[in-house]
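Before we start, here is the structure in question, set down as structure tokens.
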Amino acid sequence: GFATIDNHRELRVGHPEVIYCEGKTVEQVKGIVEFMLTKEKNIIATRANKEMYRAVKSICEDANYNELGRIITIKKEKEKYTESYIAIVSAGTSDLPVVEEAYETARAMGNKVIKIVDVGVAGIHRLLAKLDLIRGAKVIIVVAGMEGALASVLGGLVDKPIIAVPTSVGYGANFGGLSSLLTMLNSCASGVSVVNIDNGFGAAYSASIINKL
Amino acid sequence: GFATIDNHRELRVGHPEVIYCEGKTVEQVKGIVEFMLTKEKNIIATRANKEMYRAVKSICEDANYNELGRIITIKKEKEKYTESYIAIVSAGTSDLPVVEEAYETARAMGNKVIKIVDVGVAGIHRLLAKLDLIRGAKVIIVVAGMEGALASVLGGLVDKPIIAVPTSVGYGANFGGLSSLLTMLNSCASGVSVVNIDNGFGAAYSASIINKL
Amino acid sequence: GFATIDNHRELRVGHPEVIYCEGKTVEQVKGIVEFMLTKEKNIIATRANKEMYRAVKSICEDANYNELGRIITIKKEKEKYTESYIAIVSAGTSDLPVVEEAYETARAMGNKVIKIVDVGVAGIHRLLAKLDLIRGAKVIIVVAGMEGALASVLGGLVDKPIIAVPTSVGYGANFGGLSSLLTMLNSCASGVSVVNIDNGFGAAYSASIINKL
Amino acid sequence: GFATIDNHRELRVGHPEVIYCEGKTVEQVKGIVEFMLTKEKNIIATRANKEMYRAVKSICEDANYNELGRIITIKKEKEKYTESYIAIVSAGTSDLPVVEEAYETARAMGNKVIKIVDVGVAGIHRLLAKLDLIRGAKVIIVVAGMEGALASVLGGLVDKPIIAVPTSVGYGANFGGLSSLLTMLNSCASGVSVVNIDNGFGAAYSASIINKL
Amino acid sequence: GFATIDNHRELRVGHPEVIYCEGKTVEQVKGIVEFMLTKEKNIIATRANKEMYRAVKSICEDANYNELGRIITIKKEKEKYTESYIAIVSAGTSDLPVVEEAYETARAMGNKVIKIVDVGVAGIHRLLAKLDLIRGAKVIIVVAGMEGALASVLGGLVDKPIIAVPTSVGYGANFGGLSSLLTMLNSCASGVSVVNIDNGFGAAYSASIINKL
Amino acid sequence: GFATIDNHRELRVGHPEVIYCEGKTVEQVKGIVEFMLTKEKNIIATRANKEMYRAVKSICEDANYNELGRIITIKKEKEKYTESYIAIVSAGTSDLPVVEEAYETARAMGNKVIKIVDVGVAGIHRLLAKLDLIRGAKVIIVVAGMEGALASVLGGLVDKPIIAVPTSVGYGANFGGLSSLLTMLNSCASGVSVVNIDNGFGAAYSASIINKL
Amino acid sequence: GFATIDNHRELRVGHPEVIYCEGKTVEQVKGIVEFMLTKEKNIIATRANKEMYRAVKSICEDANYNELGRIITIKKEKEKYTESYIAIVSAGTSDLPVVEEAYETARAMGNKVIKIVDVGVAGIHRLLAKLDLIRGAKVIIVVAGMEGALASVLGGLVDKPIIAVPTSVGYGANFGGLSSLLTMLNSCASGVSVVNIDNGFGAAYSASIINKL
Amino acid sequence: GFATIDNHRELRVGHPEVIYCEGKTVEQVKGIVEFMLTKEKNIIATRANKEMYRAVKSICEDANYNELGRIITIKKEKEKYTESYIAIVSAGTSDLPVVEEAYETARAMGNKVIKIVDVGVAGIHRLLAKLDLIRGAKVIIVVAGMEGALASVLGGLVDKPIIAVPTSVGYGANFGGLSSLLTMLNSCASGVSVVNIDNGFGAAYSASIINKL
């Protein structure tokens, strides 16, 4: 009664439905996973707490939990990872939970991924030192909070599509991520498009589609 | 004195600098174009008024002006258009200026482009009727104002990357495009990333990079 | 001393006052219910926690509690349900608390009600599959969070009045339901009017008046 | 090329598409009307300026223009007005443009309509004096700017559905109608649902559907 | 070291400094009260929790605590209450904490005060029934949350100054009291001035000055 | 047809209705004045442009126009000005239009008024030099834009009620007067209540009621 | 009557009052300048239009007008420019009006100033190329619109105080400069403090005080 | 893996990187400190809770913790404090946590500092009494919540650079410090620049650079 699972989604958009756990009960999450286990497809559940993970684990030994990223993944498909890679570049240590959500999602969707973290613009040489590695990617995810300037700076240095994720890291006039969201939307460098605040999942999803083109 | 043109940009990001005319004088726009004409590259000037166009035309016979899109383009390169195409899908007739800005930008960057306009969700069969054409694209630009629901609906129907452009079309609680911007950022369908309100240029730029991957 | 109960309300507006429990003490809620029990009318108390329910139950055996919907109802009238029905259509599993508040309210006011849940626009065929059932209603309540596009899409598919309830389901640029509220207010489809964020009660109240016209 | 007119809309939602003229050129408005004239249906064009009216008049003698309401109507159907009526109640003289937009829309959709204007809450006896007339309506449209309190007050006095239209009348902390919009969404009286700021058309559309139930 | 108490305030503005306890430690509150006890003046401490009250009580037997209003008062002056009175009028039961803060402040400043609670505009006859009592006041405090329409309605019915206090009672598009704040600032009735959201203290302070003119 | 004039208002609230001209046509303003001229009462019309003034003048020789304050006044009553006075204190020269609106309103309502202008807190000695004059008033109106700090500073220096009017003077993060509005609502000094941005009329109205207590 | 000029300001804060012309009449500006000409001090009038300049010129031959910066300066003091310099660094050509306002102010206050314009982060090598010149300054003014990332980047590269000026250059989600304002306030690099949007004058004033320490 | 420490920062900007503990785990904070201890430089960690302090203390006996200011400092350099001093001036007792963060930062960077607290504008003589001490400073930090008027008032009284820190002290229309932030950005007095809400660290950092010029 509580869910109308979108069985055809994979046919239409190439990937099965992903479970957004926030606002769902543990029982609901478990029920939806149970149903999805009947298919031979990888399963992703985002914004999951530990209790949800334990409930899922009880019905599926193979369930994995990334605690920092609050994400459950179940690999059912024989993985064939892409050769081209997605680079996830982040500004500070506090942005790591979003990095991990993006990383797990991209992996579960079959992508090769590299992470380059804590290279924010306050010390720009840290970024410049990693430029070759970043330029080697097919698509780049930029994760940054506070003022989010990393996306603009990188936008002026690479010729690859950038998916920017503003994070809610910061305080005061950051207004829960609004500051970095607006920064990224107003990027003076081109080639940057933006997903919701803290939406590591969405960034990885878009990046995965592009990486597989 | 008034400009430090970024000559190396093409080497770095694959495309020369684009002129944003808002807030510049006619003389400044003309001066920058004059300088860029010395290179053998296509030139794009966005948010240009008619007077700016006339000034540019006076120094370059080949300048084109799309009045609805307020964009000047000068084609210097022997065009080799892509085989894969970008689909620009828009919700209503009032969104056309943004569609045109995106169209001209994508063309000037060498892309094959198709336009599917006035297919907003209030009459969803109009969209469904064009689904095959849209699905044939390599990357999709969605342009919509008012409540901007078109991006979410399309996100659930295709397996291609979507660049969504909210427009400022609407009134009252639309708050100058804020309504459609938030809609698109909160899309319940995945694979949608967003650029600034009315930023047809930026959407086309991102789409072009992806189309050429 | 703490309440001036509106005894005449039923004469004026056809329904007795409803108790909004947020910001009231358990004692206050109990006291108001005690007074209302002296009338032969159904009683509704919204936003009630479990403790309030227990206090009410202690003075009235017939009290019912919908935990998900956080709503207490007491049926005193011999029910004569309407023949025409209200359809409550919701986008995702996380919207269920609001659905339940609306459902209980509409029932307590004597309406036939059907629920069609988890049919958000990310998988639009789920909605299309239920269209006949929805079209059979006399009035429709749409409940949706995140970007709230369901109201617009449905508005273009039916010829019945739609009461849209934005929910606070979502995060980041959802800003506590602002995103879906603005979407619904800017609906490009007509026939949609909107109540406050998470206001399942208010939607059901309006729908009930209309259903009984 | 600039429009994909929704021919089936009438079949689906009972009324043909309505033209929103803001952001369209005179030529586009004229072109759309020209096409719609081929059907035997009433035509409504909102937010139309005088020049648009003249262009429409030049191809259709029967076009009417309500200048205050900025709305063009063309009556092609043999009118059969409803017996039950819609009451449009407004707070101040400055709200009249929105009243007129609502009035013309409701009339063009075949409704009997009465107007009760300038009865805002600052002089509440003016409202009370008209209460019988208002109560006689099947559905009520409330139009109010500034603080928009009229909707709440009326909501506590009648047992009919109320569609509230906040207007942008006011200044300073009115923030272009935000003040009255929020007031109406937070109405402590029930039975009130809300449309966009200044959206007289939308209110009338919803009211018309309800009036014809 | 942590406070520079404003000893001269009474000379300048007629009343000693009032202690705002939010953000202060229990020790700080106790220390400031200790110092003020050396004067022969009434003491008021707002936003005080129970622990602060106990600390104050331990050094001053006469301290009183209004728990709902979260306010400590110590009466040192032989009270001579005013003959004219302040009327505190409130919309709903949930607004009582603010009513109590205003009441205690006004009393501690030596005013006769009457309270008329739960007479919101959803049932306007409740207000009309108390109109003589309200009109008898020298100055009126109106306390209301949700949409805050009570201030406008009363503004049109009395010829006395009204100090309006918006409360944070409500949810969703109430945005923590913003809705009622804007309503009151945009009041179409004159004679209404406004203090901060939930600021019962400030309203009583202003009303007291006026009542003693 | 376009107005329901509130004839009883004077009986209820002690002053006849005041005409708010914004959003009204010249004909409407003239018509309302014409009607009010039949009573023996002073007439006030705010936010009036020159054309409105000329129309009013054509039917009433005695009409006065304060161009800076955009306000028309017609004195029909034999004036008996109060002995106590209202002080209008303003921060900068750019705030003068609001000062004038307040001044004319207060005068038309029969008050003695003094103006002390351009004494903002950037040069606080200017304010201190006028303190005796300000303290002599029965009630004080403070008019200030930019950051609006004048109200707080004065609130700590006088024992009279202060009605604060934020103005829209400023730019950037002033956001049309929001900055000074918030400053005044959050005044750390007590005894300050606030009216809408640029609402000189409302401040004078409240001050007049208080001055006549 | 319209101004209380702050004659002592120079004694207190080291500089005479500066005239803010927005919202003043031409006559008022002229009158204030006339008065200030009686002192032997430089005069600055910001946000001045051409007509104001002509009026000032008519009474003072030495008046200068920077049209782009909309600022009038009159040099009465024998200039002794500082040896240390202020660097004004700006992101794009459209930011020049703010650069010019800052430049003229700093010059009129006796500072050596250098301008480095159009070196925004989209092409970061342009900035790096000028780093020595910037590092040679005693204090740095950064002027940037759109996403305003330049301040953060520079903050991580220099050891001098930075005064950041967000500009209103941009559109859509720039919200009149809000985007760059928030970016600068949330700078992840330290040593950056911020003035109001487009406030070139204020930045130069602060920089001048620092430069002269 | 979780951090890319900026080793060169001191060479570039004159001070080593400072640790922002919010959003980091205890382990991460400890790890970063451990690494930094290998250098002979003072260490600062802001927004640190007690548990983080204990972890740091366990690896470094010399670690100090200011509980009110939530800041850890480790002094490794032989201190040579400046002769000129920074004055930290604050409005109320509730602002002390921000004062302490600023104080510890300034001290750890080698500055002489004086604190003048609880001298808000509600009792302006308290401020005037300390004016000589404040004027003696080379640079001034102003810390104020609620309406934040202290910065403007002080700006008109001194000729030293002011770094203003808005605090989140307040409630209701304070909106988490927005009120004082806007006040300070719109200061009618010049010489005031602003850092983020509650950013005592940032203010001290800027002040320290200036104090050492």
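Order as written gives the chain letters A, B, C, D, E, F, G and H; numbering starts at 1 within each chain.
In this text, a contact is a pair of C-beta atoms (placed from the backbone, for glycine too) under 8 Å apart; a residue touches a chain by one contact, two chains touch by 3 or more.
Quick caveat, the model's predicted, so the values are computed rather than measured.
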>> I need the common contact partners of chain B and chain G, sorted by label.
In response: A
>> Looking at chain pairs C-E and F-H, which one is connected by more C-beta pairs in contact?
In response: F-H
> If you average the Cα atoms of chain A and of chain H to get two centres, how far apart are those centres in Å?
Replying inline: 35
> Between chain B and chain C, what's the gap in Å when you average each chain's C-alpha atoms?
Replying inline: 42
> For chain E and chain F, what's the span in angstrom between their mean Cα positions?
Replying inline: 26
> Can you list the residues of chain E that touch 2 or more other chains?
Replying inline: 9, 12, 92, 122-123, 155-157, 172-174, 178, 181, 185-187, 189-190, 196
> Okay, what are all the chain pairs that touch?
Replying inline: A-B, A-C, A-G, A-H, B-C, B-D, B-G, C-D, C-E, D-E, D-F, E-F, E-H, F-G, F-H, G-H
>> Quick check on the complex: what are the chain A residues that touch chain G?
In response: 91-92, 120-124, 146-149, 152-153, 155-157, 170, 172-175, 178-180, 182-190
> Once bound in the complex, which stretches of chain A touch chain C?
Replying inline: 1-6, 8-9, 12, 17, 20, 22-24, 28, 32, 166, 168, 176-178, 181, 196-199
>> With touch defined as at the start, can you tell me which chain H residues reach chain G in the complex?
In response: 9, 12-15, 18, 138-139, 155-161, 163, 181, 185-187, 189-196, 201-203, 205-206, 209-210, 213
>> Using the touch definition from the top, list the residues of chain A that touch chain H in their complex.
In response: 92-94, 96, 117-119, 122-123, 125-126, 169, 171-174
